[in-house]
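So, here come the structures, one by one.
Here come two complexes built around subunit A, the first alongside subunit B, the second alongside subunit C.
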Partner chain A sequence: MSETKYLLFLGCVIPYRLSSYEISTRKVLAKLGVDVVEMPEFNCCGYPMDSVNHDLMLTLAARNLCVAEKQGLEILALCNGCFCSLNETNKMLKEDKELREKINGYLKEINMEFKGTTEVKHLVHVLAEDVRFEKIKNAVKRPLTNLYVAQHSGCHLVRPTKFVEHGDDPENPKMLKDLIKLTGAECVDYQDEARCCGNPIIGVNEEVPFEMAREKLDHMRVAKAEAMITVCPFCHLMFDLNQPRIEKTFNEKFEMPVLHYPQLLGLAMGFSPEELALNTLRVKPVKLLEKLRTN
Partner chain B sequence: MTYEEKSVSSKFSDEIRHRLGGETIAFCYQCGTCASSCPVAKVTDKYNPREIIKLSLLGARKEIVAGDTIWLCCSCYNCQERCPQEVEIADVIYTLRNIAIQEGNVPDIYVAFAEGISNEGRIVPVSKFAEKKREEYGLPPIKPANMDALRKILQATSFSKIQFKKGEAQ
Partner chain C sequence: MSEVQEKVSNVIKAKEVDPKFKYKMSKMHGAEKVMLCFQCGTCTADCPIARFSEFYRPRRIARMVQFGLKDRLLSDKALWLCSNCFTCVDHCPQNVEIAGIVRVLRNLTVKENKVIPLVYTVLASNLLKGGYVYEIREMHHKKRAGLGLPPLPKPNLEDIEKIFQITGSSNLLKGVETFEKVES
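Showing the complex of A and B:
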């Protein structure tokens, strides 16, 4: 199994609603020598169905895992939710024989069988553990000095630690911070960094997640962050797409650009803002780009 | 009889314990660490994970299953990481949602998700417009999911039997 070749799992949301994440990821990975193989006919990772029917969630995830096993590749997920359900299912089915037999019973209907021969990684793990810091550092051509940003790792990249085994601190995640520092930018500390964006419940209640996101934006502003860095489409939609509505609801101005980590890294690697689809962000990073120009 | 007077191993808590994800519920000793770790509880007093666990243990099935509170968990796993009794709180709440949905308490958003899964195998529908945009960006096309296979999975896992409409919980 090649160390730098993965089956790319885009999930439901990124391909149609957040191309900027996909575009910047592909650009950066190609330049770092990481091969991605497209995943034909993928289905939902299962995450949205966990609340509905646990067996279905496991079986949807397991079908995707079977596709990866057949191709002999590890899965690279860009979304925290996809990473969570695919990784959790992979671990559970490997460890629990009874459960594996049950889910394989469902998969038999479609002539598939979970064997337990693949691994699931998030983009952050691939960059930090497989590509490694040295190589990323060498690829940085235009360090983003004097730029102050805040990380938002989101929840499922680091929790639950029962299934996420990459040694990051669930209360104070460091992996994304270290990756940010490689770009030359400063990664500021702020209050309650490990806290959730609120997006998972936005379909049932808007008030609560808006208040959760507002608090996070406020804490970042207090720490003087000039941008926020995310690694999940749901977190990104919450803070970028919804930011104008959050501002309106609370009668506050944040104007906090929200960049996908590969956009930040891409800028440091010398890609233009257009190549990284920065122009498609809802909160325009005007000041940030101006600062980088005059740096 | 009030809930407090009932035994903590109610019929409902047994039902939960015997489902995947619900196994740890009875370890709870009501310390409240979960509630004080919860980002949702921090911004609204409508939500309290300790209370959900308590009512479930005490057998308040209808209140939990037909109520709104279980849908407010963000599944952030903060509480679960900190619970001194290793109660898998977020997983227990998923289990409670599975039961609620079986009983007909289905928030609209899950009706929409279920439709997406049933029709396309994904929650965001394949669209010609979005495909065109992908082409403009130079991104490879997204193929439709294998619906023949997925329909069989939906049948096998009994998902197809769930009634996705709003109704009174039993």
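Showing the complex of A and C:
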């Protein structure tokens, strides 16, 4: 397998409402010499169905894995939820013979078989471990000096630890932080960095996720962050799309722009804000872009 | 209801208890270690949901499984407040995987045709119709083309329908009773 060629797994949220993440990712990866191949016939990763039927989740995920195996390529996931279900299913089916036989029994009905020959990686792993820091650093043409940002890795990039073998610390995730530093921006520390965004339960309850997100935004503000950096569409929606409603609910003003990591990296690589779809963000990064212009 | 009556109705009656429930749970993928929980409470203390919710208490869920309070568990809407962050899984000194237990209980709720959150039936029906849990419409495809993004692949809906059938997921789409919101 080529180290820099992957099957791009878009999942559901990105095509539905977050093209900005996809656009910026494609731009940045192309410039870094990473080949992305469109994944044929993929379906939902399975994650949203785990709560209602575990076998359904495993089989949906395994079907995607079989598609990747047939292509002979590793999967590159942009969403933490997709990474979680595809990676966990891949690891569980490789290790647990009984479970593999059960799921392969289901897959037989659609003429597929899980063989265990592929790997699943998140964008962060591809950048940090395969592309590597040196190459990214060399691609930075316009360092974002004097810019202070806060990272939000999200849960499923680092947890549960037993399935994520990339050496990051789930209590204090560093991989995204290191990637942020390559852009020349400062990555501030803030209280409870590893805490969940709350979005997974927004379909049944808004009060708790709003409280959780408000608290995180507050901690970032205290640490003087000028923007927040995410690597998951669910986390992004929670903090960007919902921010005006969070502000209204608690009668507070955050005005915290939320950028996808490839947008931040793209700016440092010299792409224009329009090329990276920064204009589509709900919280407009006006001050941030003004600062970069006058840097 | 007076305060006294309320307390009396919360008392566990012998007929409510299913003594075999904990053994059945221990055989389910993800809930195998429920008997190992010694009630230290690390899961509840570190749970980001429990911080802001009056009703969601993971330690309590583990204890109720051990006690065999199946019906109470499956009709408790708070079960649907877990956000799957896996903090409890990582922090449990007994490796109990509380989030896995919650997931197994949610699955059982569906299997036994109890009342479940509406959102899951909507996601499941979208998935069956289009391959994604959100409805990707013509306007999404047009927008992609306008942005210069490659077209989305055609999903294999036959495969998805088959997967629903063979995994016994079809009850998600018809006859299941739903509720919209969970009080926190």
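We take it that the second predicted complex is superposed on the first by the 295 of 295 C-alpha atoms of A that agree within 3 Å, B and C clash if a C-alpha of one lies under 4 Å from a C-alpha of the other, contacts with A are read in each partner's own complex, and residues count from 1 in each chain.
Note that in this section a residue touches a chain if its C-beta (ideal position, glycine included) is under 8 Å from a C-beta of that chain, and two chains touch if they have at least 3 such contacts.
In this text, all values refer to a predicted model and were calculated from it rather than measured experimentally.
Chemist: Aligned on subunit A, subunit B and subunit C: do they clash or fit?
Modeler: By the criteria stated at the top, subunit C and subunit B clash after superposition.
Chemist: If we overlay the two complexes on their shared chain A, which of subunit B and subunit C does A:I23 touch? Say first, second, both or neither.
Modeler: The answer is both, since A:I23 touches subunit B and subunit C.
Chemist: For A:C44, decide between first (touching subunit B), second (touching subunit C), both and neither.
Modeler: both
Chemist: Kindly classify A:P15 by the partners it touches after superposition: subunit B alone (first), subunit C alone (second), both, or neither?
Modeler: both
Chemist: For A:Q191, decide between first (touching subunit B), second (touching subunit C), both and neither.
Modeler: neither
Chemist: Once the structures are superposed on A, label A:N172 by its partner contacts, choosing first (subunit B), second (subunit C), both or neither.
Modeler: The answer is neither, since A:N172 touches no partner chain.
Chemist: Can you list the residues of subunit A that meet both subunit B and subunit C?
Modeler: Overlap of subunit B and subunit C footprints on subunit A: residues 10, 12-13, 15-17, 19, 22-23, 26, 38, 40-44, 48-56, 59-60, 63, 99, 106, 109-110, 155-156, 159-161, 170, 195-196, 198-201, 203-205, 207-209, 211-212, 277.
Chemist: Taking the complex as given, what residues does subunit B use to touch subunit A?
Modeler: 19-21, 39-40, 43-44, 47, 68, 71-78, 80-81, 88, 90, 94-95, 97-98, 101, 107-110, 112-114, 116-117, 121-124, 127, 130, 133-134, 137, 139-140, 142-146, 149-150, 152-159, 162
Chemist: Which residues of subunit C touch subunit A once you look at their complex with the stated criterion?
Modeler: So the residues of subunit C touching subunit A come out as 29-30, 48-49, 51-53, 80-87, 89-90, 97, 99, 103-104, 106-107, 110, 116-117, 119-120, 123-124, 127, 131-136, 140, 143-144, 147, 149-150, 152-156, 158-160, 162-164, 166-169, 172, 180-184.
Chemist: Can you name the residues of subunit A that touch subunit C in the complex?
Modeler: Residues 10, 12-13, 15-17, 19, 22-23, 26, 38-44, 48-56, 59-60, 63, 99, 106, 109-110, 155-156, 159-161, 170, 195-196, 198-201, 203-205, 207-209, 211-212, 277.
Chemist: Can you check the complex and tell me which residues of subunit A touch subunit B?
Modeler: Against subunit B, subunit A makes touches at 10, 12-13, 15-17, 19, 22-23, 26, 38, 40-44, 48-56, 59-60, 63, 99, 105-107, 109-110, 112, 155-156, 159-162, 170-171, 192, 194-196, 198-201, 203-205, 207-209, 211-212, 215, 277.
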